Amino acid sequence: MPEMLYDSRKIYYEVYGEGEPLIILNGIMMSHLSWKLFIPQLSKDKKVILFDFLDQGKSDKPYDYDYTHDLQVEVLKALIDHLNIKKTNIFGISYGGEIALQFAIKHKNYVNKLLLFNTTAYTTPWLKDIGRGWINAAKTYDPETFYNVSIPYIYSPKFYTENYEWMENRKNILKGVFTKDFLDAMVRLIQSSEDYDIRCKLNEVEVDTLIVGADYDFVTPLFEQEYIHNNIRDSKFMVIKNCGHASMYEKPNEFVSQINGFLSFEKKLTTL
Amino acid sequence: MPEMLYDSRKIYYEVYGEGEPLIILNGIMMSHLSWKLFIPQLSKDKKVILFDFLDQGKSDKPYDYDYTHDLQVEVLKALIDHLNIKKTNIFGISYGGEIALQFAIKHKNYVNKLLLFNTTAYTTPWLKDIGRGWINAAKTYDPETFYNVSIPYIYSPKFYTENYEWMENRKNILKGVFTKDFLDAMVRLIQSSEDYDIRCKLNEVEVDTLIVGADYDFVTPLFEQEYIHNNIRDSKFMVIKNCGHASMYEKPNEFVSQINGFLSFEKKLTTL
Amino acid sequence: MPEMLYDSRKIYYEVYGEGEPLIILNGIMMSHLSWKLFIPQLSKDKKVILFDFLDQGKSDKPYDYDYTHDLQVEVLKALIDHLNIKKTNIFGISYGGEIALQFAIKHKNYVNKLLLFNTTAYTTPWLKDIGRGWINAAKTYDPETFYNVSIPYIYSPKFYTENYEWMENRKNILKGVFTKDFLDAMVRLIQSSEDYDIRCKLNEVEVDTLIVGADYDFVTPLFEQEYIHNNIRDSKFMVIKNCGHASMYEKPNEFVSQINGFLSFEKKLTTL
Amino acid sequence: MPEMLYDSRKIYYEVYGEGEPLIILNGIMMSHLSWKLFIPQLSKDKKVILFDFLDQGKSDKPYDYDYTHDLQVEVLKALIDHLNIKKTNIFGISYGGEIALQFAIKHKNYVNKLLLFNTTAYTTPWLKDIGRGWINAAKTYDPETFYNVSIPYIYSPKFYTENYEWMENRKNILKGVFTKDFLDAMVRLIQSSEDYDIRCKLNEVEVDTLIVGADYDFVTPLFEQEYIHNNIRDSKFMVIKNCGHASMYEKPNEFVSQINGFLSFEKKLTTL
């Protein structure tokens, strides 16, 4: 059972394949299980490391623990040290992108390339209040309420509508996932993001960075990724069209293609 | 007290100014009170009629009543007859735009020009599930829960963030508005929209129609207005930039300007 | 024959209707004749003043004259004085919008409201080189060459394609318009714009300003109008969808509606 | 000297690297030389084949030859047979994408994956007239005229403006390239595209297809790629932001990343 302890809390991880390391940082509702589909394509020539943040998946959910993103950043560092990795590519989506950004600023020397999908540099008051709505819904402990209040906005309206049967099926699965334990952990994860604001430090990111957004992302709208792109020197920016916040589920091929493509070459090209 | 009875239910309305009639149809959470600011500019040379749908504002809230949009369409027709109006311009935003569209198809002869803002021709499964989340939140009868779950998505993220003090003030006002009676009525209004789908009849709209959308409308996204525009022959289409679903609050001048401009001339121009 | 002399050059103008004055400033290839269609709708309750810049329409075309925008700004001031107007609304499209902007900065007291359509605050190197291509084409004195090199880019690809018969007809008309005299004047008008850059003075515009752009404007792309909007405090911004640079020809109703709507009310509204 | 004969005309090509073949089809003004920068990144684990169409680069420029795209499609087939390739990935940009599309429909069995960048399924009347302007400019045999009339529109306004020194340098290089021979060939290449319209056959494309567009492409605007995407079943679609028609020069890293990423995995993923 691949796990390590951080401050006496269990942190769960999985490793696939051989080659340059790529650590995958989950979105807030995700766990290592969410990446099953992608492992074969991502790990062909890479060492892919999945990992559950504190309060996610099989990692500990310490109900009496008040924390911010800082803690997750240190958990990530501990994992990298535990795995004896000196330098790694880091991918993060949404919550995971936020941790990735902060890690790349605080622990520069550990990072090779940075891949930021559907994420933001700042929990705006708008996003904070949306989070509060999710917290309110979580505290009803009614899985259907939590689903209705959060999930539709995570998908693009067209995908959700055109694949409604799949969404209904997903709703049934998620209703089993949204237990009291899960929802309490979700509240803590949301709260850990409330004061997040790394905007003024983006210019400290010096590694090769890819930023990917989606035109129907209603949680971290495209202008958030544009902001990151404009403030990280020489970063690359791509947009997945007709796609919402959960880009890996809506456009799995475009998603994997961005990761593999960006990691496929060493030297930056310039025509200028 | 300007009111009329429809099927023994009280329907409240107000009339301002003189000239060609313009009936204003509220969005789902609105009432005649929401338009106070706009009356002077709109009624300068028009007869403006405000009006609360059943379950809105000062109109009756019949708790034992199951209904669909069809009822509100007939309430609107009764009001127009009651006011002895033969032909009128009709403006509707969101829920009001949905009623306006259906009215213009069913009661063609009553309509002069049609103005549709931030609205849709169809309650998609996505929108229905978002409505279900609002219903779940309403049924907690906690005003803060209902606010957090619904209001942030009604504004553009940038407006909400840049005017957070105003939003906080608004939250305090709305917490007083979101009483049990209001929330029960809201549930019925949302339910009345669940089966709405007028897509296949849009080509029956023959009056001069203006469609206005906003680029950060996360409730009825811009492609919904584009769809309406593409299916109503010769309709006009404008986009308010940097604006969310509640366009009249975010961009009051652009909002009024669209209405007054579209109503300012009789004959359609063509260069072709 | 309504004309005045400026520095011994004839300046042609026409006046329509009664009410608050609205001066219309032509785009670079236009003349007072271009507005014929719009006069009835615009002049219903306004005094509309059409006017040909030096080197346009019926105004003088002084072949030995080297000038910049500054001259046209002073020609405009002379016309306003000649007409005994103290304060006026000014509309400008493209070249006309550039003159309008500079006039509003230099002669603040003359301006009531400012309406800027499909225009820019700066002749970028990109736009300058496009202008050079037009000059190269003009100097062949072949009307077809000048048409092909300039006109298609002035329309949105879809409008041009869907109304190709109309465009072909227009080509035949324009081939008669593109005489040697016209093309020589065109060269001077283009050259008068080469050093235009008012970016750093936009914050001096204090009058109520409307900015209108079009999503398929390939001459002064939408980001140019966004730039103006972001730098003129409290300006209003609207986008005409599916429309190119020649917005008045592609979307005449939306076009007039923006002007009439913006001029319809005195006081700015604010919800905040 | 790697060349073959097609109908007694010399066709020039170059081969780099080992692995799955990827044939690169040039845009209309390009040649095999245009890809120098990209070879190391593209050919690391692939066999990359560069190739000049008839009337391009080192291939013959038969001045007495009237042809359409059909000829270039057959030239491509002859080259693939000549190289003894049974199935190949094909990349095409602009003109090259048009040939790629037609090849994939006519010679299905030869194609593995299809990569279409900044291209269109149809020479609209708008695009045809723009081509006519280029022809008019070419026939002046003045390199500067041809440059000014064609090149600025190939780049995004922002890139052109921000990298004006590089563009000026490029202008000097291109003035040497735009010889009489080159311009005569250019006229034939443009004419070969005038009747191109493959729209009704897009549904016959059955191979895995990537479509890439750019938001400031003013030659083949983004809606052209959206059209292709909507009509090729299960195709993938990505947008390079802040980028014009010449995407490989403006965004070389994003460009290569799309190619390598899309070619990196065999099996399509689906979450559904």
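First chain written, first letter: the chains are A, B, C and D, and each begins at residue 1.
Note that contacts are C-beta pairs under 8 Å (C-beta built on N, C-alpha and C of every residue); 3 or more make two chains touch, one makes a residue touch a chain.
This is a predicted model, so every value here is computed, not measured.
> Between copies chain C and chain D, are the contact residues mostly the same numbers or mostly different, with half as the line?
Because over half of the interface numbers appear in both copies, chain D and chain C meet with the same residues.
> Where the CA atoms of chain B average out and where those of chain C average out, how many Å apart are those spots?
Their C-alpha centroids are separated by 36 Å.
> Averaging over Cα atoms per chain, report the distance between chain B and chain D in Å.
One centre to the other, that is 49 Å.
> How would one label the connectivity among the chains shown: line, ring, star, complete, or other?
ring
> What residues of chain A sit close enough to touch chain D in their complex?
37-38, 41, 44, 163, 166, 210, 226, 229, 236-242, 248-254, 256-262, 264-265, 267-272
> Please output the residues of chain A touching chain B within their complex, sorted ascending.
124-127, 129-130, 132-133, 136-137, 140, 142, 144-145, 148-153, 155, 157-158, 160-161, 164, 167, 216, 218, 221, 223
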